[in-house]
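Structures for review follow.
In what follows, chain A forms one complex with chain B and a second complex with chain C.
Right, the complex of A and B next:
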């Protein structure tokens, strides 16, 4: 039953098995690249991350010390062979740093045979459901579809896409079940474990993940409730793809019961509603989901803030830990929008800066412990 | 209780003082200051003249704002203007750092500081911003929107600079017209718009001619004019900017006819490959005097703006607005895929006979720093030139002192380029 957690790694047995079967994998950057479209082409989409990176020096050579360390770590892994199983990369302009992972890698491979590695970047609008944004995004996705078909010699039919949407929606539904378990007064799963599961969902073949995860959920429901934690916490902020980071907080007695992060719940919840045709359905869905502060209109359509506050209530959160990746501008300024409101709503908030490489675990532990103590005492 | 400092009044008064001074001391250079009077004077006097004042971000067509007889105030022009006055820029940067990370671009920190401090005394009538040029502006514009609480229109700039992107912008610009019509209570007067487009086209043609003059060896125009050329972001379509480029072209032509270069003996033709060093523009004068090194062109200031091809074709005009927006300084290189930035650098290197390349990198511009190796490798491979890499803060002079900057450049010029100091 514990097997599922072992599939959370960037390299894992399910990917190796996939490759042994002669099938192709494509890395994706940011959450506006629809995995459904790649899945429908018979490809395994693997969301790029830098989990466990301990040395991003080559990434820094390319991207400089002014780049965010998440992006540098992802790029480091592309260069050092960690992702040598990839047959292509599809990127969306989630943020400027994400874009540069792609740009640098494309440049790095500029003298190689382009037929051997698929590279494509798509534009993802920054307006929720904008009347011009959706058609623009649909055009980008159709171009991606054609590109994938041409490069990999496959045909992505409407039926295949519809099936892929169903498979991905099942994953989303299962993740929602997981989060509902975390909502309980007596949770049975840690935040660390939960993150490993969502990471596995972005790294494994979806059908295999769904099958294993169904069993896992059944087992979870029979578990004894967790004991010994001192505060129910929520995690928000820049990309958090490292279960070790959460473990540091949980080791100090804070149980992460929910999150609003892009490797956690955010991209997994909302199903794609099939209406009309698959590409339009995907575009409409992806552009209506609440994502990170990359989107404009934050002050007038702050669904992210509303989601955070809603989750605080639903998950009976005692305090929020807001982690900002150093040099992450989109999340770095989010407190302009929500810090004041969260304080007004009497929700304790701890703001911590982090780097992808876990060099500040000690400091995080001390700050987390102090915050948990404060929350425990009921100080705001 | 101390009186609220009125920043725009201060900028307007400062230009007035400079104009008075230049009239007496150097009337032949008055045109360089008159354009700044047009810029700040119009903003300061907007409400006094019965016009709507509109704060704008990048990629908002000034021509459209002028066509409605409104006054655009490009927020990002304020930090670049204040950069040479550390006592003011640092005040706003420090103020902003209460709310935003210190790693944020100082341009955006000054934007936040000026608005949140209340020093932008006159409330605008509207705010129009886009998702360009970068993550920093995307992060703070919505906060400024919230702070201002005025009617706001948001434009999403496309990722790529292609027909699909131009169309995406064109469609949004048409919606912007509706917004402006509601704001002003007036329908768009296409005849007036055509007049503005005509001024815009004439200015862009002159800008191109001025840029062509800079290709001459020796370069007939000084480094510093590149700073003022950036005014096109806010003022394209304004008669004051047209006059500025007419004067600049005239001076350039006159210098060529008289065999005068920007420096008496041009030794090196320099390009800066990222932002302009607004916080220490005097470095350009120093490079000219010390090494005969003239900043011929900078990558973000590089200008080759498309024209309004047919001002009467109402469909085409909005597409052209999109083309022009995505080709405007900084936007053309800093935003979107890095390939476009690399092409731009290649064009600058090739067209301007550059023999000294410097990546004078503004620390806040992280995504261009994340392209730095590609830029330098491109130059090394194609032009066999080693590029100086230097981190600076384009708007916060406290980041690196003049002496430090001079030392770094001197070391590079003398040990790598092999230059000898002229004095």
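Right, the complex of A and C next:
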């Protein structure tokens, strides 16, 4: 059987095959760039990340040490050729750090022929409700659609979009099946493996992912339950795109059973309900998801917190590890609500700082191990 | 050696070895009572340091390593304790050990070790209920204090008392990064500050740093400090003043809390297996 996990890398055979067929790929930044729209144009959307970066010094030269290390690593990969298969980048204003990847890269390419590389940023509202939010997002998506059509010389028909929505919804329903397996009292899959799968889903052609992952799920269901773990943990935080990071925690005996992060199930959960037309359907669905503290309504209605607490219950979580990307504004300033609310709900919480380049594995390991000793059942 | 235990033979002998980044302690307990201990400098070879510490603790007791029923390794080098039957993190061990040293009423702990600093909450059994550690900085740690002691050529044991010998508390050092702090300290010396005032400034900065850590984890009475820095009065008095509480004291050496906790956990583990 082909191993799906080998497709979790930033560079992998499925992308190479895609390029050999003469087809185009577009990097996306943040979860408000609808992959459906690019897919409908015959493009391969690849969500940008910095997995496995070991040196972001060039990224730091451009973006300064103030930029989060995730953004610096992504930028480093853009500069050093890791992403040389891209034919464009579409960014949404998810957070200012991620937006700077786009800005800096646009500047970097300022003297190049713009017909050779597609660059576009779209806006996404930071409030869910309000009568202007959805219409604004729809107009941004329509502009993106027009831009993609012009640049790549294609026509994105309603039929194609409708089909793309179906393909992406299938991915979402398969990811849900994966998370149901993780919810089980006898889980068969580690958090590390699960992250590799969600990363693959954001990196390879969706049809191919769906086909391979269906088989993978069938195999998973026949696996023996994992043994020897001491606690069931949930991972929350921003751009955790590094399976090695999760491995450090799981090697200490804490099985990650669910997550609320950028690269887990978050953007792969709620299906897009087709109503009326595709663009409006995408806009409505994308804006009704609970994504991250970027959406500014935590003070009045903290749906992120409700979702996390709900998952703690459903997945029988013993404790939450809250990883804070250093200099992350959206998650870093979330303490006020999330941290206090979780403490008030008596959910054990470990807060750890994270940098994209994992130089502090030992620090993480001792914190994770002590946390596991704290929450594991059976007294010391 | 504990004179209240006339003979260890026939009792349950457990040990805890805490290999810290800077110092290593070994504790031997008989039936859950402290029997003997040692504290040495961690050398470049952690397994050797562990064995040296345990051998020194056993000296004169007649106990040999074969007589120890169960050993828990803890601390930074816990995986390097050759005779360990199990490893447990220093966070868990310090809470357990403090429960023994300071009694079951202790709820908030500050462990100030050689290379990190932890604020811990625990329950009446000494089980950790929450904790927080400093990230990536030698400030607020014993190692930082050593660097400053060396720079000023003051024996580390005297820093605390000297730093309290000032008429008025100076401003804290503006930076707490140990390397930059060295620069700032030399500048203060050049400006004619007496050594006491310089030390007061450094101790104050360090105390502010750990008080923030404690406040972040939440303060609950009763409060105790473990680790080598618990012996530094200049830090302890300042922390107490800022928090408005007095730290619990004990006749026992606060530096052995981790190893002691390890030996206590060893006892529980042996009893569970029976």
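One rule holds in what follows: the second predicted complex is superposed on the first by the 373 of 380 C-alpha atoms of A that agree within 3 Å, B and C clash if a C-alpha of one lies under 4 Å from a C-alpha of the other, contacts with A are read in each partner's own complex, and residues count from 1 in each chain.
Methods note: a contact is a pair of C-beta atoms (placed from the backbone, for glycine too) under 8 Å apart; a residue touches a chain by one contact, two chains touch by 3 or more.
Since this is a predicted model, take the numbers as computed values, not measurements.
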item: Chain B versus chain C as contact partner of A:127, first or second or both or neither; value: first
item: Which of chain B and chain C A:208 touches, first, second, both or neither; value: neither
item: First, second, both or neither for A:95, with chain B first and chain C second; value: first
item: Partner chain in contact with A:341 - chain B first, chain C second, else both or neither; value: neither
item: Which of chain B and chain C A:327 touches, first, second, both or neither; value: first
item: Partner chain(s) touched by A:68 [first = chain B, second = chain C, both, neither]; value: first
item: First, second, both or neither for A:366, with chain B first and chain C second; value: second
item: First, second, both or neither for A:374, with chain B first and chain C second; value: second
item: Per-residue touch tally on chain A - higher for chain B or for chain C; value: B
item: Touch list for chain A against partner chain C, complex; value: 348-349, 351, 353, 360, 363, 366-367, 369-371, 373-374, 379-380
item: Of chain C, residues touching chain A in the complex; value: 76, 88-92, 96, 125, 127-133, 135-136, 265, 268
item: For the chain B and chain A complex, residues of the former touching the latter; value: 99-101, 103-105, 129, 131, 134-136, 138-143, 145-146, 152, 154, 156, 158-160, 164-165, 168, 171-172, 175, 336-339, 342, 361, 363, 366-367, 369-374, 377, 391
item: Contacting residues of chain A [partner chain B, same complex]; value: 61-64, 66-68, 71, 93, 95-97, 99-100, 103-104, 106-107, 121-127, 130, 132-133, 136, 139-140, 293-294, 296-300, 324, 326-327, 329-330, 332-337
